[in-house]
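Multiple structures follow.
In the two complexes that follow, subunit A is the common piece, with subunit B as its partner first and subunit C second.
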Partner chain A sequence: MIERKREEYYINVNPLQTGGRTNSEVRKVALQYVDGYSVCDYCKGMLHLIEKPPICDLTRELSRFLDMDESRITLGAREGKFAVIHTLLQPGDTIVCDSNRHYTTYVAAERVGAKIYEVESTGYPSYEIRPEGYREMIEKIRSETNKPPKLAILTHVDGEYGNLTPAKEIGEICKEYDVPFLLNAAYTAGRMEVKGKELGADFLVCSCHKGFGVPGAIGILATTNRWVNELFRKSQVYKKKDVELLGCTARSLAVATLIAALPYVKERVKKWDEEVEKARWFVDRMEGLGNITQLGVRPTQHDLLRFETPLLREIGKHHRKKGYFLYYELEKRGIIGLKPGQTDWFKLSTYGLTWDQVKYLYEAFEEIVKKFSG
Partner chain B sequence: MKENVDRTFAIIELMEDLRDIWRETSPTHTLSPEQKEKVLSIILDANKILKRMEEAIYD
Partner chain C sequence: MIERKREEYYINVNPLQTGGRTNSEVRKVALQYVDGYSVCDYCKGMLHLIEKPPICDLTRELSRFLDMDESRITLGAREGKFAVIHTLLQPGDTIVCDSNRHYTTYVAAERVGAKIYEVESTGYPSYEIRPEGYREMIEKIRSETNKPPKLAILTHVDGEYGNLTPAKEIGEICKEYDVPFLLNAAYTAGRMEVKGKELGADFLVCSCHKGFGVPGAIGILATTNRWVNELFRKSQVYKKKDVELLGCTARSLAVATLIAALPYVKERVKKWDEEVEKARWFVDRMEGLGNITQLGVRPTQHDLLRFETPLLREIGKHHRKKGYFLYYELEKRGIIGLKPGQTDWFKLSTYGLTWDQVKYLYEAFEEIVKKFSG
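Take a look at the complex of A and B:
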């Protein structure tokens, strides 16, 4: 039998996993919809039209929640990105995106044969994406190809530094050049309030197993009235089926649990300031240990934290377990989620932890540092 | 026997509530007075449901 009890035994700080942790109400629904095709008892020919369970209400609710005109369920953010790129671009067309992007942005573009132009970040130590970088890159593409890019993609918060980008300003630049704007909200939607149209997004993609506290695999692809017919175009033969989505996407417990999770998600985004407060408290204490620095924009605006940790690297040099000491010492104290062997730097997330857990987390680092340094 | 199906789900659901408490209190699982009360109440409810199910099987 395979088993996993990590969330129950430990404090898990893996940034990939903290926003996808489920609550009991979500798991109760998961139990009932665990069988394959279980949401298809009353099929209406298309996933987003099913009334029982109320998936049709879910997609309407999601559009309102994300301030977009129409939404569809996908298998994740990457599938949403690919659907948009595939709809808008032909091989050889260009995309402008940020250099902090997820690898799937690149791969999705590659699959279509599009050419990517990256807006470089400011580099060490803040790795910021400047809005003006988008203007400069659009101008560069125009001068090189005699036309603007077919699409601009922005990673709202990236998975390396947890930097919250100025999406609204970039959205305005895109509007100025009439470049469709896709916002990748995988690390923001479901954690904090994201209002797509207010940010100027033509397309919004979300990862619900990353940010909506559900098992997945499930995401959201949302758009505005301007693009609905093009993006959600129907098959010539199968009149109800969305071509880009290959018909129905996330079924069974993935979509049923999203229905159950949405009311909780609507409440938890209201507590985002407290999540940021916890992250900042933790950064402040960690830096107080000496020779540990938070990379990325400061003060942090997100729970995903990247630390540069020469202090721990030095300890690792003299420890019999070398760089692995940190992983084992944390595990002994009931903390997991850091990559084994990493002591030069690491990423972690404080999202969803109680204050007691955040304090425990810091105290574990403090204890380890005291035990091994000097 | 439909009642026993419902009871089976009711017990699993109670266990999921219990699981939330282990998650919130990991890794030490030190319970506050409120959490202790909640855990005991879940155990009590689960026992009652199991007892009813057992009786229904014997009937």
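Take a look at the complex of A and C:
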């Protein structure tokens, strides 16, 4: 077994992890509910209706928080995407989505046998998804297949560049063509305010281990009244059981901790502007070091930052640890979360760091650059 | 939030929960890995190949432990069943399974659009599944549909009566008819030794939050070399990603705790005979109280016990708390896990209790019966 010392000993900037860090209240509840099936003490047959712990309130609150009509707890965003695709599509049917999508969007479609058409980003260096690209692609699918796609999926903020794509404009285009619209809010919900119906979303998926500060695996699948009966259809035999959820999903501490985390999450989304401010400050300073550039839309609107770093690649060329120098130099300074060996480019996230930590993070890079360049 | 005080303050006999209780080592690791995506620190693209923590060793060890060729971590037994059914069957295809099956076997088949044919149990009072019933049902399906079923599923021990059905005999029948055989070991693996290939299983699913003493949601899906490529087929685009698993599954403390739990689980299965002995002792004493009968196969071969309890129903008729008296009387004595109001019959599990606790449990019933009857 490898002991894990992360939050207490290191500043972890892995974008996968910064939004999933737990606070002490969540950790307390995690221990109370650590046993298998712990939330089932008072179950009457439906996970989302359990009153002790108050999962019934949780799902209602999540619907309100996300501005959707009905929510269910899932085992992650990908499982929610699959549930929607599996409900709406037959093998051979088509989906339109953005080219910055997560790999699981593709794999979920593949599992159903659906075909994906991608709206290409503008490419290097901003990799922007233009909303009008959805219109063009829907038209293209219509002309190629004689029908519109069965589903549109947008990665609200993608995991490669941290680009925030205008969901509302895409929601409007989808409405115009009567294409159901699934918003993947894995990198937005829990960090910033996401109002699903306002954005025109028919379906919204969230990742709580990515964005709500809880242990996984847990996500949210939310929808509107129009789709409730179809998406959350019940078993023919087990009238209380959702077919797409196989009955119950997160059957353990994950859902109990989400109850504990939600009040904190509701507060933290209000401070999103400051998170963006920290990220922008960091970008600004990093670019000041020399040949380092933030990719993606500028100025960034998210904490997930992708840098192109020829400056560091050059250092690596002459360093006896080659490209690994950066990882070790950062680790020495108590900073982790970058991929070892990666110096051409890297991703990091400043989410949840204090201003002091963000400054320390920058100063670490500054120190390393000064130490090894020229 | 409802504070949960269970293991320290109560004897919990809920059959769903007794095999999922965590030990202190597991709790320690749970806290280390409590943050979202905590096991992804050193990921190279495949959950089951992560070296830190050693998930790669875990899946290899699980395969050996379960006598199967290859294993993957899933989000639960039901998710494993769905993955197998979704891989092997098309809508309209047929499955043969036992009538004591878990509801999720039905719902997983329903989600695929498969049709289930059930081998009926012998009914009251033993509810036994005769292996020959599988032969008869396969023959029936053949004559009705002109082909054998695409899959046979057996609930190794069911959750209603705790009946252990001879899997090996059914495995042999399946082999004879060339029907792939899925063994649902949710109530056996982790408690008793389960040797999948020896039993003729092509697929084996386990529930670790039910049987391996860890928080969920986490399960195991294991198979033989014959099926590896089909069941664990990779994405066309993402060559490292399992389509049926949507890439990665239990992405958090659940998998880290399973690493910590496995050495204990390997030891505890060796003590299974004593667990059965405790259960039988308890049955014997309970039946000695009067009109109380253990249902299911006798003598029981499992810790999950179902009792028919006219004696307690009679007491409830005259008690001012009606059928709820039993729940409250047990709770007063620090015993929980029975459904409130249920006195016609109930299920409980003696798994993992010490002899002293089993005796205390019996004495509580004895005391309650003496206090209120006659």
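Keep in mind that, in the parts below, the second predicted complex is superposed on the first by the 372 of 374 C-alpha atoms of A that agree within 3 Å, B and C clash if a C-alpha of one lies under 4 Å from a C-alpha of the other, contacts with A are read in each partner's own complex, and residues count from 1 in each chain.
Quick note on the criterion: contacts are C-beta pairs under 8 Å (C-beta built on N, C-alpha and C of every residue); 3 or more make two chains touch, one makes a residue touch a chain.
As the structure is a prediction and not an experimental result, all values here were calculated from the model.
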First (subunit B), second (subunit C), both or neither touched by A:173: neither
First (subunit B), second (subunit C), both or neither touched by A:276: neither
Which superposed partner A:360 touches (first subunit B, second subunit C, both, neither): first
Touched partner set for A:7, first subunit B, second subunit C, both or neither: both
Contacts of A:107 with subunit B and subunit C, given as first, second, both or neither: second
Touching partner for A:32 - first (subunit B), second (subunit C), both, neither: both
First, second, both or neither for A:23, with subunit B first and subunit C second: first
Which of subunit B and subunit C A:85 touches, first, second, both or neither: neither
Comparing the two partners subunit B and subunit C, which touches a greater set of residues in subunit A: C
A:68 touches, of subunit B and subunit C: first, second, both or neither? neither
Residues on subunit A lying within both footprints (that of subunit B and that of subunit C): 7, 21, 27, 31-32
Touching residues (chain side subunit C, partner subunit A) in the complex: 1-7, 14, 16-17, 19-22, 26-27, 29-38, 40-41, 52-54, 75-76, 78-79, 82, 86, 103-104, 106-108, 110-111, 207-210, 212-217, 235-238, 241, 243-244, 246-247, 249-254, 256, 259-260, 336
Subunit A to subunit B touching residues, read off their complex: 7-11, 21, 23-24, 27-28, 31-32, 333-335, 354, 357, 360
Interface residues, subunit B side, partner subunit A - complex: 9, 12-13, 16-17, 19-20, 22-24, 26-28
